[in-house]
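Letters A, B and C name the chains as they come in the text, with residue numbers starting at 1 for each one.
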Amino acid sequence: MGGYIMTEQVPLLRVKNLTKIFGGVTAVSNMDFDLPEGNLLGVIGPNGSGKTTLVNLITGFVKPTAGRIEFRGKEITGWPPYKVVGEGISRTFQMVRPFYQLPAFKNLIVPLYSPRVKKLAGGKYGNRDAVALDLLEEVGFERDAYVSYKKAGALPQGYLKRLELAKSMALRPDLIILDELFSGLSLAEVASIVPIIEKLKTKGKTIIMIEHRLKELFRIADRVMVLNYGRKIAEGRAAEVMESPDVKEAYLGSEGE
Amino acid sequence: MKRRKERIDRGVKARSADIFALTSYREMLYLLIPGAIPVVGLLCFTPILSDYWREVMISTAVYALLAMSWDMLMCAGLLSLGQSLFFGIGSYLAGSLNYYAGLPPILTMPIATIGGGVLCTVLLLPVLRLRGVYFAMVTLVLPLMLSRLVEATRILGGTEGLTGLTPFPNQLTALFVIQLALLAVLFGFRRIMGSDYGLVIKGISDNDRSVMSAGLNIYWYKTQVLFLGACVGCFAGAFGTHMDMFAGMPGFALDYSLMPVASAVVGGTGTFAGPLIGAFILVPLSEMLRALGALRIVFYGLFLVIFVVGLPEGIFAYVQRKYQQRERWVDIS
Amino acid sequence: MLLGTLIYGFVNSAILALLAMGFNLTFGISGVANFAYGAVYIFSGFSVWIFLNTFGIPYLSAVLIAIVLSGLMGLAIYYGVILRIKGMPLSEVMATFGLGLAIMELFRYFDFVGFRYTLPIFFDGSFSVGEVYIDYQRMMIGLIAVALTVCLYLFTNHTRTGLAFRAIAQDERTALTFGIDADLVGALSMALGCALAAIAAVVILPLGTIAVEGGYEVLINALAVCIVGGLGSTVGILVASVLIGFSQTFTANYLEPHWMMLVSLIAIAIVLVVKPSGLFSHQKELEERI
């Protein structure tokens, strides 16, 4: 509990003693952290360090073995995914699997059908197709080129990742969790997505980014948390974290950079 | 020299996809004719048939309803190998309401439809959380076990069944009742699956993870689909009961499970029109091949394998493609 | 009375375990639910009968040939049908279901119906434990069920092929990277499952007649045991067989014989409400592997 900072107001997300054991393997162990509203938290760590399990735990896709998750001071531990989304947490998946047969913008119909969207819109869904097209333009689908009307199966990876981002934005969340959004993208594609995330930040959204692309992440992250073997081994500003000997040994050292 | 088949939408299809369809009678006809075929075919053509073939048409329609109910479940990724569960429960409900309480068909059929839908949904609710194979296993096992239950406990008439139930006033009434129901289900289900709601349902069978992360409770949607499918199946059962003036263990027979699956797969799944076409091919065919006995079921089994493995799109998708697209071979070098 | 019930309950459990073992093995390894399982069962029964009565082959060789034939049939189903629709579990179910029906009804069409279709008993005679008489055939069923369980355990834990089976069952993708041929393992699992169905058939069928309905019965029983025990779990199958087997025998002896059939229905109903995935299932949690 050493680096635990007590803040005056309730943080947006508070994770306490979170533990998950998969049949003898501890994927996440005794994880603690607070995330104030409006922050961008980067989560890094070697493969198998429990990053994705952490995302699954927070979003309710996996039930924790022990521990507590609070969102806006309300306990959401072990809630099913749809209820977690209802509170205002949305996520992207590392492996994107859109509905390949549908045009890109029709992919957004499913999140736009969500009860949360209906509630925020004052009980009416409105014209979902138009909202979907606007959202896609926001994440860089060129309207003039009619990319949004193409079948999702015909789109390159860069667009699919943006579609995934748009899907999570469609839920109008307060906290967005991006699970390796940049993986499998070229430098140019990453460079084109970074401004979208920065824009989300300026709009006051709280963001957690799981990333392997450290350079891009460090540029936009307020704080960085390092995981190894399911434990948090460091947390703080990017520059500070990288100085920690634990991190050097566990993460950077192993990559041989 | 290599060749490749090129498929291009017909001009009329592209035009009629938009509001411009209203500008010319050709586009309107293009849109209306496919929908008119089943309406005209069923309501005008079948009444002029002989008594025997009307009877065949009625049983075809019963199977077609079961096949469309199967297709609805399949849209949400629920593979049912026990449509006879719905048929049997609908049949017993309507039968006992008529037999013990003396209610007329006009009351028993709606009650059995809704009540049976609720009952079947509650029965199968626990399985919705499991993988698709479990749903298939449980639906296959349940009807056969339920018929054992009736046999062992001798409730509801036991092996004899409930006999002497109120029939329909005449054959033509029965024909119109079942065919109106058929059309209502066909267009109703197609409408549902064409809406955004339908998109969510298909999303569940495609990628449930993605639908869950969109803040939708997939089990609630699966329950709704199960209820819709079960209602249609139970209606078929209730109708069949009054048609045969009998409710009994044959309602849980494997025939009512196999035929709908075979019809839907042969016709093309996910379209509702496909299962309808499939039933209208397979059931009359079965009637003509009655002399072959057990060999008929061998054929249906093989049809099922051949279509699942070789022609998974089914007949309807093929016809639809021919209607909407031009095909031509182009050389590629 | 009680001793007899216990002994016959054990035999009944052994029969159920034998019936479910093959189905469960195939599913546990390759994820294929072989709904043609009942058809394979009666296929091997009828082939032994044909070898014995038409070709006059000695009983033991006829049995061995039938087991090998059933295994080959499993291979044929896998390479002919399943491989073409691999990865679509619902299509696999429909195709094997259709195939099974076709095979079973083909036997009916060729008039394999009647009381003359019986297999001779391996060892005639019986012995008594206290006041309970038990015939050697039933005793043998119990022994074979135990022996097969032990063999399967040794096979999957101590042989190369067995370990490859387990690897595929755990995580297909990772297993592929270690150079395990998933298709071959799938085919072998299918063959082994069908061979187990054949073994069950040749030891159980001498107790009664070989009938097409028996095929449906076997499939239903195997499915019921798997639903209760949890698909893919060997321990679950054994526990479920014992539970259902003993309660069936107790119901038959102390209540009414024809209520026996209701036991599996009630067991399924209870399990579905309390623990839908079965007593010993280890369904993977919905998760992305890290």
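Here is the rule we go by: a contact is a pair of C-beta atoms (placed from the backbone, for glycine too) under 8 Å apart; a residue touches a chain by one contact, two chains touch by 3 or more.
Being a predicted model, the structure only gives us computed values, none of them experimental.
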Which chains lie in contact with each of subunit A and subunit C? B
Distance-maximising chain from subunit C - centres being C-alpha averages: A
If you tally C-beta contacts across A-B and across B-C, the winner is B-C
What's the distance between the Cα centroids of subunit A and subunit C, rounded to whole Å? 46
Nearest whole angstrom, what separates the Cα centre of subunit A from the Cα centre of subunit B? 42
Rounded Å distance, subunit B centre to subunit C centre (Cα mean): 32
Can you tell me which residues of subunit A touch two or more of the remaining chains? 61, 93
Interface hub residues of subunit C, defined as touching at least two other chains: 286
The positions of subunit B in contact with two or more other chains are 209
So, in the complex, the side of subunit A touching subunit B is made of residues 59, 61, 80-82, 85-86, 90-91, 93, 97-99, 102, 106, 109-111, 113-117, 128, 167-168, 170-171
In their shared complex, subunit B is touched by residues of subunit C numbered 27, 33, 35, 81, 84-85, 89-91, 93-95, 97-103, 105-106, 108-109, 216, 219-220, 223-224, 226-227, 231, 256, 258-259, 261-262, 264-265, 268, 272-273, 276-277, 283, 286
Subunit C touches which residues of subunit B in the complex? 74, 77, 79, 81, 126-127, 129-134, 136-138, 140-142, 144-146, 148-149, 151-153, 209, 254, 258, 261-262, 265, 292-295, 297-305, 308-309, 312
List of subunit B residues in touch with subunit A within their complex: 196-197, 199-200, 202-203, 206-207, 209-218
